[in-house]
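The structures come next, written out as structure tokens.
There are two complexes below, and they share chain A, which is joined by chain B in the first and by chain C in the second.
Coming up: the complex of A and B.
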């Protein structure tokens, strides 16, 4: 069991979580890589699914940090270190992204020269959809995100040392600009990595959709994480039921927002009924995919919506834990639903490699996250808003 | 660990151990009320506006805006008696200023709903000084908005029959699949809920005015509208519950109304209209334009009504931040739409956007981009966010820019559609201009009447954010 010094909020014992996560991560990655030798095509598709799943969550955490700074939020200060540590796993995600570059041919058929030669639309898009530019853009996205995460962490940790409240103001400014940068990079990353899997299809709202799912899930991860710490009696007086209540409200709000964005996209495409747009949804309905689509509607929206509507249920940690787990699973289903129809002509194929890839990348991400989190104080002890945050009551 | 010695969360922040590195605590969290007014000062200041005689300036302004409104009504009568032909609308631009104005006014209302509902749920205490006036603007703006679709029917006296699903012997029904019908439902719900919310918030203040009234007739009026409010504990308890529930009900309305309005365009297959980002983009734009209008009017109102103590520079700065955030969202949508128009590979889509930016309406497009995207970037500077004169000028640009946004969307997509032989160019007539100017007059007249005869600040709510009003948290 991990333990913490109740005065300084530094970890005295890191426990076994890091090792367990690392073990699971390595095992998962090794198994998935073995899978790559049996079925390269499925390997890349699974790896992309797992990568996109974790990347959107980690980016959601980065957004969480910036949003709290930019709005000057008080309640969330006690929870910020976890989100900060989560954002520090971005360099690892960059590493996880690199294998995908070897599978571009398997993943994106705009990379097939012979197909592009006969496809007028792909020729038109080739100034954007080409391997070189794709890699350059990915480098730009990661540079922006890692730079933001690094800057936000550095200033926040500097406050632990020099106790300077001015850092809070600098962080506010950095976050305001950072959000702007984040919006564009995440949107284009969503276009590149997920939307261009079906290169003929396009939707202006797609970036917002991918962002919302990730942000929502990052908060679900935070809920689970603080409950995990609570089990080890860490921060159980600081992160109170009122904080969980606020997380519950945020989960509620963004479940609704996710549904709103998803429904807007579906609805407008359904209504206009243009074949170049509807084909994307047809691929997510036919050959059994409707099961996944309906699962999303109920699991990602209806159940959390109805549950989180109630005051008492938002304050019930067990219920909240159930909803958080549900939302995390549903985010995976969502990413699976975005990625996989392109690769499965004859129905829904869930490969064991999906599982091992998610565990593999996830184990590594959580290991690094835990290492980063336990290396510093568990809460930003000299943040001028900390006292108010701890005393926060709904 | 650092200890906190401050007795109150709202008005001071003690930063121990900061030494020479200390920042102005005001910069971290500025007080919401300036000076040290007591509860009585709040009542006196706000009720004083209602109870005093109107000034000459007020009469002069009301005469001017009322005259404008009257001119608008005359031109509406002229339109109704002559026909919609007196407008500039014609094939291919069958929707023009009428729908532009409709969407413009509906959008103006959104600041009120956002402030009263979402900012309330987000515990943004600074909303208290501006919510009353912003909610009033919502109601007035929706009234102005509703004029346009009704008169565009040509025969407004039968509009009820066309707009509402009334059972009839011929079993003729409105088209339930048309977003124009959903507009009727969405906007009327919006109006009803906003009015209710506004009224519920006003009840305690009406009671204050009732208790202070000297004139018997005036007292009778306030007695009637204050619904027997005594300020009893039980009344407050129920009031707060009702307020929370209404805030919850209003929250989806912030999204739904402009989402449905965006559907009016986006469900079609017209390039420039049919795009999936429209719903959230319209909502962001509506909030943007609404805050623009709130700033335009409140900067003047706080000065003229001596409310500087309660509507502080911090309020203005916060609104400017909302303006900047929503302005950037709108800018994001412009950018993504343009990119996807190219990326789609659809030549019609591409043409619509190139035509928007470089075609005959390019002047309107660049007015829109300049006002909505470029100019609000000045708010990155704290000095400008806190400069009232500059803020006021920028807020005017935002109002102009958002009107042009709707015009650009509507006119540019229609005037050159798939068939070049039927291309055209819309030019408004004097009647178009007059009716729009008339609604501006109507809106301002209603606002002036409101600012004079109804408490412009929520007296009880402002009292709730005065220093010492909240229970201070325990000392460590």
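Coming up: the complex of A and C.
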């Protein structure tokens, strides 16, 4: 069981969480790689699903850090270190991205030169959708994200040492600019890695949709993480019911926003009724995919929406935990629903490699996250807003 | 002139909150606190229940959604059945946006009208305005009043009690 010094908020015992996560991660990756030799095609599709699932969550945490700095939020200061540590797993996600570069031909229709040659639309798009530019863009996205995460962490940790409140202002400026950069990079990353799976199809709101799901899920992960710490009696006086209430409000707001964006995308396509647009939804309805679509509507929207509508339920830690688990599972279903129809001819096929890839990448991400989190003080002890944040009441 | 109640001033938000707790513990139920800005934790100190306005909003919003959906169903399938862009007459997807808009509109009506009704507004005058010092609650005054209708109210005892919890400038307010 992990333990913490109640005065300095440094970890005196890191517990077994890190080693358990690392074990699960290595096991998951090894099994998935074995799977790659049996069915390369499914391997890449599963790996992309698992990668997109974790990358969006980690990027959601990065966004959370910048959002709180930029708005000068008080309530979230006690929770910021966890989101910061989460954003520091981005270099690991870059490593997890590299295997996908070997599967571009398996994943992306637009990499097939002979297909592009006979396809007018893909020819038209080829100045953007080509392998070289794809890799350059991915490098730019990761450089921006890792740079932002590194800068935000460095300044925040510097405040632990020199106790200088001026860092808070620098962080605010960095975050304001960072949010701008983040919005563009994430939008285009979503276009490149998920939307271009169906290169004929396009939706300008797609990046917002992917972002919202990831940010929402990162909130759910933070809720579970702080409840996990609470079980070890860590930060249980600092992260109070009122903080969980605010997380509950964030979950509520972004559940609604996710549905709003999803519905907006759907309605424009439904109204216009253009074949090159509707085929995307058709593929997500036929051959049993309607079950997954309906599951998303109810599990990702209706159930969390109705539950989180109520004041008391947002303050109930057990209910919040249930909703957090539901939303994390639903985020996976959402990514699965975005990626897999392209690869599943005639039906929903959930491969065991999906499971091992999610556990594999997730285990490694959580291991690095835990290592980063426990290496520093659990809360930013010299943040000028910390005292108000602990005393925060709804 | 009928006696409306008694007001007392307190030195700070904390003193007002402390007084509110003691007034409640002493068994008074018809009292209210006034301050130039909202004080966090005051609802709890006064023992106020959650406002029922949320349920009014929920009810109104649901009503709006039902009206929005049924109006469109009636118009497009019965009153003016027109085929639009080859879609079925009962194209429920198209109804959702207006259903949602009326859901929000009626919810907003519920919030505003419900808030006014629960606050017993609008009204043109209030007996507390007979007190000259009461105007300061919009500036720098932290005040508490106990209504004369309260079963425990007694001019002398309540005055002594308010003084004992730290109230100053205690004033009996008379008015219609």
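Following the convention adopted for this analysis, the second predicted complex is superposed on the first by the 394 of 394 C-alpha atoms of A that agree within 3 Å, B and C clash if a C-alpha of one lies under 4 Å from a C-alpha of the other, contacts with A are read in each partner's own complex, and residues count from 1 in each chain.
Here, a residue touches a chain if its C-beta (ideal position, glycine included) is under 8 Å from a C-beta of that chain, and two chains touch if they have at least 3 such contacts.
Just so it is clear, the structure is predicted and the values come from calculations on it, not from any experiment.
Putting chain B and chain C onto chain A via the overlay, clash or fit?
clash
Decide which partner touches more residues of chain A, taking chain B and chain C as the two options.
The partner with more contacted residues on chain A is B.
Quick check for you: in the superposed arrangement, does A:12 touch first (chain B), second (chain C), both or neither?
After superposition on chain A, A:12 lies in contact with neither partner.
Examine A:233 and indicate which partner it touches, taking first as chain B and second as chain C; both and neither are also allowed.
After superposing on A, A:233 lies clear of both chain B and chain C.
Just to be sure I read the superposition right, which of the two partners does A:387 touch: chain B = first, chain C = second, or both, or neither?
A:387 contacts chain B only, not chain C.
Quick check on the superposed pair: does A:271 touch chain B, chain C, both, or neither? Answer first, second, both or neither.
both
Using the touch definition from the top, say if A:311 reaches chain B (first), chain C (second), both or neither.
second
Could you pull out which residues of chain A sit against chain B in one structure and against chain C in the other?
Shared contact residues on chain A: 271.
Sort out for me which residues of chain A touch chain C in the complex.
263, 266-267, 270-271, 273, 309, 311, 393
Of all residues in chain B, which touch chain A in the complex?
Per the touch definition, chain B meets chain A at residues 1-2, 4, 9, 13, 15, 17-18, 21-23, 25, 27-29, 121, 255, 259, 263, 266-269, 274-280, 328, 332-333, 335-337, 340, 343-346, 380, 473-474, 476.
Spell out the part of chain A that touches chain B in their complex, as residue ranges.
7-9, 72, 120-121, 124-125, 128, 162-166, 168-169, 176, 180, 183-184, 187, 191, 200, 202-208, 249, 260-261, 264-265, 268-269, 271-272, 274, 276, 381-382, 384-385, 387-388, 391
So in the complex, the part of chain C that touches chain A is made up of which residues?
Its residues touching chain A are 40-41, 50, 54, 58, 85-87, 93-94, 96-97.
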